[in-house]
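Quick heads-up: structures coming right below.
Okay, so subunit A shows up in both of these, paired with subunit B first and subunit C after.
On to the complex of A and B.
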């Protein structure tokens, strides 16, 4: 029997509210500084929640030297292009015409392709009432702009990344709400394991900081209404938590078959060792109070990684800061770790960068790789009031130096999709024959 | 239709060149008068749709899609202009006259109909705009 291929994480790229690259994001996550603030991208003054964690000072044309490609890119696509560029530069390897078919691409795609200006213009143009007037629609600037249609495609991000980097092998777009980024990276891992490709670019991107996205989350009561104190609004696992802070951005990793990475002397941040995916099949926007769903995802990820709960030193929680998610996820962590639940360190980096939705799992995967690489656990900021339903060993106050053998990253989505990724320290061989 | 003079072209040229540069994501000084948008500036099919849309907006005119190719046939019927995807001899003569701004040596038989857009230059789009303005 041939041994299963191992998968190395050799490149990272991040554009997040905590920083527009890996170094600045990582520095923020160690500082415990929360990046929530008043929404500036559009006028949110009439909304019940008027705060978000925005990507700041990001000029696509300054970081992506392909103006034509940017024509096809909406805000979240530009984040993706920038983060992917960083990941390739960091890895020091990229597809060539010869290796292109052996490169894969898996992307957790943002929820919304069409921005408010386009939607609004279409609505205004298309008719006075509920009926569409095709003539008016087709005569409108938005209705006849082919770029609006191109940018709005759900596969647009995938197409742009593939084209920019000359990726010629298996490519797929994943959308499972907040689990998207994690599942995309897990999918890429399986492509390499199966031998479909040798290397992959994987990650996720999103920006829902727009009127339609915000309105939806306000309607569901999912976002924190703490407009007067945006830097404390995201407080995962705190007893007073009252919703998430909407974030935006992109995270990408370069994955390589282990031997491929070794052969070129690559720096390996961590091994992407396992993924577990479950569907709660419970309710659309509620998590199961028992933790059912996330429990299976974590157990399967550990089994897939040949690891046991005892090997785990860090869990990067989904930890949205909604009352329900954090309670349910805490319950799941207690079930999976049993008596060891008090030993394993847990933090939700959403406390600092907000919830990046389809990008969250990808960005947090990169954070797990960094935690293993640096032996430092990022902070769960804004934790003050213990909640008896969320008794966890949270990394509070400041970043915690801690060697990490195995890390888990949870991403739990609306609709019940649960993704858990397992990462191993490159030199940790526990549990393996 | 009254002939289009060089002066007419010069009038619209700066805006057309700027629009092409925007649409193709290149610098304006790369947009030469006789540059083939496909061969020299790397335009793709979707870029033509985008460019025509931008020209309509810039000049506040209506340009039906596929207008250049349709107009280039002149008085010839489709069968007279092309046979089995290739431009006929008469078709080529008509095309040379219609695309008078394109250097003559670029018209090489056999010319596939699908390859006609390769001939289009910056000035071709100037003429397109002028015809739309006069329509």
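On to the complex of A and C.
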């Protein structure tokens, strides 16, 4: 088993509510500053929840020099293009015509559909109960607009990234709701391991900070209604938590076969060492309160990484700040770490940048790589009231300097998919001969 | 180099306009019956492209096998659940697990994976908002404040692209590695590829792989027509007069299993997965290279991964979607890879339509059924092969497969190409 290829993380790119690049995002995550605020990108005044963590001051044209490409991009695609550009620049390697077939692409893609302007205009022009009138659809602006079609495709983000960077190998788009980003990065790791490609761009992108996305979560009562105190609304593991704060953005990593990275003298942030991928098969929205599902994901990720619970210094929790998720995930951490549960540091960075949905797992994977690289653990902000169901060694107050041998990142999705990624410090050799 | 662990098939299921089992669909193909007909779901009298292959007598409660579940799923999920149920039943999965003690059964469930190729979001998903949009004149403050009284609270859950993953998992107690692939019309094939890879890598002992999609809805059909992708009347793969594709709907599913697991269970083996190959042309969302670079690279990689020579392939199931550009480049790629002595080439979309995210899954299921019979179904809508690739061995009539090995091709938006090599038992 140890003869298989190792996978290096050599480039990072982030566009998040905490900052529009890696450095600014990382600085925010160390400050413990929560980025929730009133929604500004549409009129949310009538919604029960009117707050979110938005990406601010993002001008696609300032960072992507291809107007034609941007024409096909919606907000989340633009985040993806910007973050992927950063990741390649950071890695100092990119596909060439000669290496292109050996480069893969795996992206966690959000739920696609029409934007609000198109949906509302179509509803008014051609809506017929909860259906469309085909005759009026034929004459509608939305029905005639090919851009609505192109931007709504699941493969739209993949197509934009592939074209911009000339990726010629295996390319895939996955969606397991809030686990999408983690599953995309796990998929890319496996593609390199099994020799399908040597290098990959992997990540996730999403923006559900729009009327339709917000509506879906409001209807489910999944988002915090604390409109008067948006910077404290996301408080994972706190006893008073009452829902997540919607975020948006993109995270991308450049992955390389270990020898490939070494051969070019690349800086290796961390080894992407393990993927644990389980299905809860319990309820659509929740894992079992016992932690069944997330438990297997964490155990399998550790085994896949040749690591034991004792090797783990940091868990970047899914920690959405919903009552059910945080309780189930805490239970799972206690089962996996047993007596060591008090030793391992845990934080949910969703406390500061909200829940990036299909991008969350990818952004948080990059954060784990940064934690290992810098030896610093980001904060679990807004934790004030202990919950006996969530007794964890949370990183509260200030970022915590701490050497990290192994880090785990959990992403637990609606639909029951659980992704746990395991990251090793490049020089940590515990568990390996 | 260690030999790759063998991945076998122990169950299959399929549903589309041509039938509700792999055998019934291949019967229809061999009898020259096409399910492509004027769309019945809405009035297409004024519709520019009125033809598709719908599932006749669609009854959601019967197909889903659970009336209560219909509040939480959509048509695309119903057909996925149906095909998965057929594959799981044929494999004897539930019966076998029922005979295990509690601990062994739990391990059996955790060692079972689930990989789904899904069409993901459709336009119709969002129509649940129309009544409220009309009521509030499309004004956001009113829309927001009336939301809870005006829209089904389950809207988001009902619209999840990974619903089949969720509900097949719950129904059959599957708890192992999983994926939901939303990658246009290579999704179904990638579900099989990733399921087989999960087994070969030792992550699971068996896995259900599913592709499902129901793309025949007015807005979607209109956009495909707008993009110039749809035929007027008939889907004629590789014909000189071909003028586009036509949509179908349905699902295909396989129970994949390690050879060791199948033998330990005493399960009947229907076939095996030998290898896969992938390439992306990355020219854009809809663009396709004329020279067939993507499919050629995918096929060569698949042959290498399977460890076979091109001469070992008995039949090729082409993507054959009927669009001028895709068929031409695919034909050039096949001739490039297989040379003058290519095995019989066929495709199934002339009869079942293009099932988009389900295409690669159902076409692989049908390839197994065709291999079992040793027959390469013909393409009856082919009248005159395009002289640009006259050497391509396609035929109106059925032929014998040269061997028990088939190569299946899938192509999707974004320039993605995938090839899968499978063998009959």
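Convention: the second predicted complex is superposed on the first by the 422 of 433 C-alpha atoms of A that agree within 3 Å, B and C clash if a C-alpha of one lies under 4 Å from a C-alpha of the other, contacts with A are read in each partner's own complex, and residues count from 1 in each chain.
We adopt the following convention: a contact is a pair of C-beta atoms (placed from the backbone, for glycine too) under 8 Å apart; a residue touches a chain by one contact, two chains touch by 3 or more.
Bear in mind the structure is a predicted one, so any value in this text is a computation, not a measurement.
Student: Sharing subunit A, do subunit B and subunit C clash or fit in the superposition?
Tutor: fit
Student: Quick check for you: in the superposed arrangement, does A:211 touch first (subunit B), second (subunit C), both or neither?
Tutor: second
Student: In the overlay, answer first, second, both or neither for which of subunit B and subunit C A:267 touches.
Tutor: neither
Student: Please state, to the nearest 10 degrees, the angle that the Cα centres of subunit B and subunit C subtend at the Cα centre of subunit A after superposition.
Tutor: About 60 degrees between subunit B and subunit C, seen from subunit A.
Student: Thinking of the overlay built on chain A, is A:146 touched by subunit B (first), by subunit C (second), by both, or by neither?
Tutor: The answer is both, since A:146 touches subunit B and subunit C.
Student: Return first, second, both or neither, reflecting whether A:169 touches subunit B, subunit C, both chains, or no partner chain.
Tutor: In the superposition, A:169 contacts subunit C only.
Student: One more residue to check, A:71. First (subunit B), second (subunit C), both or neither?
Tutor: In the superposition, A:71 touches subunit B alone.
Student: State whether A:132 touches subunit B only (first), subunit C only (second), both chains, or neither.
Tutor: second
Student: First (subunit B), second (subunit C), both or neither: which does A:5 touch?
Tutor: neither
Student: For A:33, using the defined touch cut-off, is the partner it touches subunit B, subunit C, both, or neither? Pick first, second, both or neither.
Tutor: neither
Student: More residues of subunit A are touched by which chain, subunit B or subunit C?
Tutor: C
Student: In the superposed model, how near does subunit B get to subunit C, counting Cα atoms only, in Å?
Tutor: 7
Student: Overlap the subunit B and subunit C contact sets on subunit A and report the shared residues.
Tutor: Looking at subunit A, the two contact sets intersect at 144, 146, 150.
Student: Can you check the complex and tell me which residues of subunit A touch subunit C?
Tutor: On the subunit A side, the touching residues are 42-48, 72, 100-101, 105, 109, 111-114, 116, 119-124, 127-132, 134-135, 137-138, 142-144, 146, 148-150, 152-156, 158-160, 162-163, 165-177, 183, 187, 190, 193-194, 196, 211-212, 215-220, 277-285, 293, 296, 300, 413-417.
Student: Could you list, by residue number, the parts of subunit C that touch subunit A in their complex?
Tutor: Within the complex, subunit C touches subunit A at residues 42-44, 46-47, 72, 109-110, 114, 118-121, 123-131, 133-134, 137-138, 140-148, 151-157, 159-163, 165-166, 169-170, 173-184, 186, 190, 194, 197, 200-201, 203, 218-219, 222-224, 226-227, 278-286, 297, 412-416.
Student: Touching residues of subunit A toward subunit B in the complex: what are they?
Tutor: Contacts found on subunit A: 66-71, 141, 144-147, 150.
Student: Which stretch or stretches of subunit B touch subunit A in the complex?
Tutor: Within the complex, subunit B touches subunit A at residues 23-26, 42, 46-47, 49-50, 53, 56-57.
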